[in-house]
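One chain, chain A, appears in both complexes that follow, with chain B as partner in the first and chain C in the second.
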Partner chain A sequence: MIQTLRRSWPGVPWVAPTVVLLLALSIYPLVFSVKVSLTGPAGFSLANYARLVQDRLFLQALAQTLLYTAVALAIEFVLGLALALLIDSLGRGRALFRAGLLAPMLLPPVVVAVIWRLIYNPQFGVLNGTLRSLSINTSALTWTSGEGGALASVILVDVWEWTPFLFLLLSAGLQALPYEPLEAARMDGASSWQVFRDVVLPLLKPVMTLAILLRTMDLMRIFDQIFILTQGGPGFATETVSLYIYRTAFRFFNFGYAAAMSFLGLGLTIVFAKSLMRVMRVSK
Partner chain B sequence: MKSALRYVFALLALTAAVAPIYWLVTISIKRDIDQFAVPPLWFHFQPTARHYVESFSDGNLARSLWNSTFVASLSTVLALLVGVPAAYGLERLRWPRDWSQKIGFWILSTRMLPPIVTIVPLFLMLRGAGLLNSRLGLIIVYTAFNLPFVVWMMQGFFREIPRELEEAAMMDGDSRIGALVRVVLPVAKPGLAATVVFCLIVAWNEFLFALILTQTAASTTLPVAIASRVTQYEIKWGAMSAAGVVAMVPVLVFAGLAQRYLARGMSLGAVKG
Partner chain C sequence: MRAYKCIIGAVLLSGCGKELPTLTIAINAGVEGDALKAAAYEWGARNRMRVDIVELPYANLFEKELLDLTSHTGAYDIIMMDDPWFPRMVENSQLAVIEKQPDTDFLASCLDVCRAPYRTGAFYALPYVGNSQLFFYRKDLFDKHGIAAPATWNDVLAAAKKIGPAEKMYGYVMRAAPGNAVITDFMPLFWVFGAEMFDSQGHAAVATPEAAECVRFMLELGKYSPPGYTGFNADEVSGHLLQSTAVMSINWPAWIAAMDDPARSKIVGKIAFAQMPSARRKGVAELGSWLLGIPAGSKNKQRAAEFLFWATAPAQMKQAALRGNPPTRRSAFLDPELRARFRAFPAQLASLETARPRPRTPLWNEIENAFGIRISQANSGSITPEEALQRANQEIEAIVQRAK
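Right after this comes the complex of A and B.
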């Protein structure tokens, strides 16, 4: 028995520690969460999931998360693609521009939050300070501290932090493009817009799909920056699903309900990923 | 588009990316009266090291800096010790049918789980084991968190190394482990270094796990210590910025070292926690 195992599965001892560790620290917690979410005071219960659809605060947090994701993703994608094309077309100094443009996404999220605190503070921030020195009245510009503009303000932070990520992946994609189809199209007299639309975009599709997928997964679970910048406030204006789950689990200690919410978020992300791959017709 | 115009746009983008970071640095070295000057002082001010001295002399921030260093390095070493052999085993040893692929994808898929899904059970597990508010607990969690990434990255790097190298070593009587350590790893060194850098950055930047699993001043990491200083109303801007700069510099240095591999690493979810 052990002999055959050793002969036909020689790699098992090499992989076993990894598998055991991941079973203990990823899969067991996952199963545990499923179980807790399906447990009520009297055993098995769907109450936690039934509560989801009636919890108006949760639904608001969900709607805001989806809005945040959609708006941030759209802006970051367009800007990232434009930047990738722009920097790719430069002659000298490409490396320098690239390095500088990538900096924001590398920072610890907590540092990003600190930076934008320094910028957004209505009284002392550099943003209103600059506007005031241009003699613009800033008394209505409260950025993250006013209910009206808070969500847009945290989205702007996300755009600043993560456009570099789209830029990075898309420029890597551009650089890996095969040379021949581009050259052939140019030889045939295609304009640069035609080359872009008919040759570059289709070839870039797998990279674009990957970039959108990865970014969406992260946007749907956004936590750090909002937690530090606004704590979900003012009021409930920037509450997201992850923040609401955090509060439910670690302020109100309702683990079952928190788990149910996290699975709804995960489910939505998976549905989105599948439909994106179908639309883009990319396998894996 | 005219080439000069292109450079103008590129410069604008570069300014937008870098100016906020530069502003953080200036606040960290400005005297209090200069911090909120209108119009804002971008270049001409009297620099001071006071905020750095102040923020790290109270001990707590210095301790969390040490905690971050300790947790990030140890969890990286552990993830490599466990993950590199797994990557090698999946890539080089015989597997029935497509099991090597199946296991590889399963390992990677665990990295896609949002932390918020697993954090409650991990919290309860660590509490049960008496490892809540301890660096060891966080090290274990980060090791598991980085493990899929290590396996996936290293598998890619091993694939690029010709098999003949280690086969020759094994013909000469080396064991497989010996061949891995003495022949394959030295060749894979650049990839290994990039993997190390990414693991360090992930552990260094991570916030949510640290926030929940290490809540005491003695055990917490730098991001959580900084966040706890960012209170709504009374902020010591200089000290907070100085701490931010200290948290930022190692990451930028490390990322610069691994720049060649940034796209590959980032697309596997490195850097963000």
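Right after this comes the complex of A and C.
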């Protein structure tokens, strides 16, 4: 039997360990969490999924997560692209600038959050301290403590830390662009803007898609920075889906509902990824 | 002679190979856990037991312990619990019964929270750290302005209005970050204004005129608090006191040592510790004791029980107090040596004797979270006190109903 198997599928012994590991560490937990999300006190139940649409706090957390993702991604993408173009156009010192720009991304997110928590402190923080030294009244500048500005303050931290990631990807994409189409466009008399719009951007599309996709998946599950900076507050102003899932699972020990929320998040990410691929027509 | 040496060597080697019995203790990473850790190692050395300490931050401690209890893994022989966690942890016989009755030297408020049902049932834990809130205020400034120690919340507000602007300080500072932080500082107000979390049938009852008056009063106090107080936790509150930028606050005994530490504090000897102010009802502090229990899944229950009684006996309780832990025994609070060393002990004892625990429900974490979000929103002005209480009431009731 084993001999026959070996003759028929000679690769089986080589891939079997990986398949077993994948089944044990990924597939089984995934299937098990589906089961947990579909289990109520009296057996099979869709109650956890039904609760999702009635839970005002979850819906608010979801809306805030989407807003956070959209705003942070837009700013990071534009800044990352602008920096990549700027650094790419430099004749000398490119490596130095590139290394310097990457520094925030190399710090652990928890460390970044703790540093920014100190920076944002309305009384003792360096931000308001600097503004006060410039004779600016900071009494209304509460940053992460004010309901109005908390989400924006948290987004600013994300932009500071993760713009370099987009810069890195887009910069690598720019350097890998073929020289000939750019040269041909210039020879045909295209302006810099036309070269950028009609040649660079279309050629950069696969890299841009990858960058947006990776960053969106990261942003949709933002947790550590907000957990340290605001714990979802003030009130509920910066609560995100990941934070809400964490609380539901590990503070309230309601794993079924937490799993249902996770699957909704996963579904939204897949839908977004598919839509993005379609819009960017990467597969073609 | 040579054979004799070989035999001795073999015996010694076999002794080395034999593993000592192990006691595994999950503790909170912090001053409360430090004293227990030192005691556990001492006990291990005396009893030829290996002691493994699993030290975890507050938030992780709860989830690790509850996972161990619900799965009966037997990973821990003793767990350290914050008292609001106890009703959740004692459910479904997850904790072992403490067969031997604790003596009456323990303070009743600390012992009551170790029983299931509360106050009347069997013991499932012993109290190790006697934490209850105190009212911290700047005695030097009160004396300077000729104001007596605040006895009521109206006194607190009046003092905040008078001393704050005169001294270019914030009259009051409070924890108002969502969840546990805001509720911790809110409950002593909530109770003395005559409000309760549940009615006699166990239904949510936070949307009452008394509760609304209490939230409005909290907002009034907020006017004399530092900007951004709606995001404050214990660190920020204590930071304002230590830096001499705020006059009064509710706080926990763990911060007393910092107030009198010249390396950290600008107010050494200037702060006094009092009972919670009163309003409609007599002032009451929130209890936050740390308990020691034995998971039902432990394989060393007998040894664990021996350690529990040893660690909470008067002699060890005094040692723990000297290491910085507020005791749970009356005799420790009355000990002359400890009284001479810890000036807040009389106030701490008085506070503990009357302290009130958070509602004894296994759903407290979830209820506190829902209530905390709405009270925090009221503090930040995004919803009115009435709206906050209405929404909180609906959400708390939904939590209660879901669990039925």
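One rule holds for everything that comes next: the second predicted complex is superposed on the first by the 279 of 284 C-alpha atoms of A that agree within 3 Å, B and C clash if a C-alpha of one lies under 4 Å from a C-alpha of the other, contacts with A are read in each partner's own complex, and residues count from 1 in each chain.
One rule holds for everything that comes next: a contact is a pair of C-beta atoms (placed from the backbone, for glycine too) under 8 Å apart; a residue touches a chain by one contact, two chains touch by 3 or more.
Just so it is clear, the model here is predicted, and its values are computed rather than measured.
Between chain B and chain C, it is B that contacts the larger number of residues in chain A. Once the two complexes are laid over each other on the shared chain, residue contacts for A:236 go to chain C alone; chain B is not touched. Of the two partner chains, both chain B and chain C are touched by A:250. By the document's definition of touching, neither partner reaches A:184: not chain B, not chain C. In the superposed pair of complexes, A:147 makes contact with chain C only, with no contact to chain B.
Touch criterion met: A:124 reaches chain B and chain C at once.
Once chain A of one complex is fitted onto chain A of the other, the partner contacts of A:74 are absent, as it touches neither chain B nor chain C. By the touch criterion defined above, A:46 lies against neither chain B nor chain C after alignment on the C-alpha atoms of chain A. Common to the chain B and chain C contact sets on chain A are residues 123-124, 231, 250.
Every residue of chain A that touches chain C in the complex is listed here, in rising order: 57, 121-124, 139-147, 150, 230-237, 247, 250-254.
Interface residues of chain B facing chain A in the complex, by the touch rule stated above, are 1, 3, 6-7, 9-10, 13-14, 16-18, 20-21, 23-24, 27, 35-40, 82-83, 85-86, 88-90, 93-96, 100, 103, 107, 110, 112-125, 140-141, 143-144, 147-148, 151, 201, 204-205, 207-208, 211-212, 222-224, 226-227, 230, 232, 235, 237, 240-241, 243-244, 247-248, 251-252, 255-256, 259, 262-263, 266-267, 269, 271-273.
By the touch criterion stated above, chain A contacts chain B in their complex at residues 8-15, 17-19, 21-22, 24-30, 32-33, 36, 83, 86-87, 89-91, 93, 97, 99-111, 113-119, 123-124, 126, 129-130, 132-133, 160, 164-165, 168-169, 171-172, 210-211, 214, 217-218, 220-221, 223-224, 227-228, 231, 242, 245-246, 249-250, 255, 258-259, 262-263, 265-266, 269. Of all the residues in chain C, the ones that touch chain A in their complex are 62-63, 66, 70, 88, 176-179, 226-233, 236, 239-240, 243, 245, 365-366, 369-370, 373-374, 376-377, 379-383, 395.
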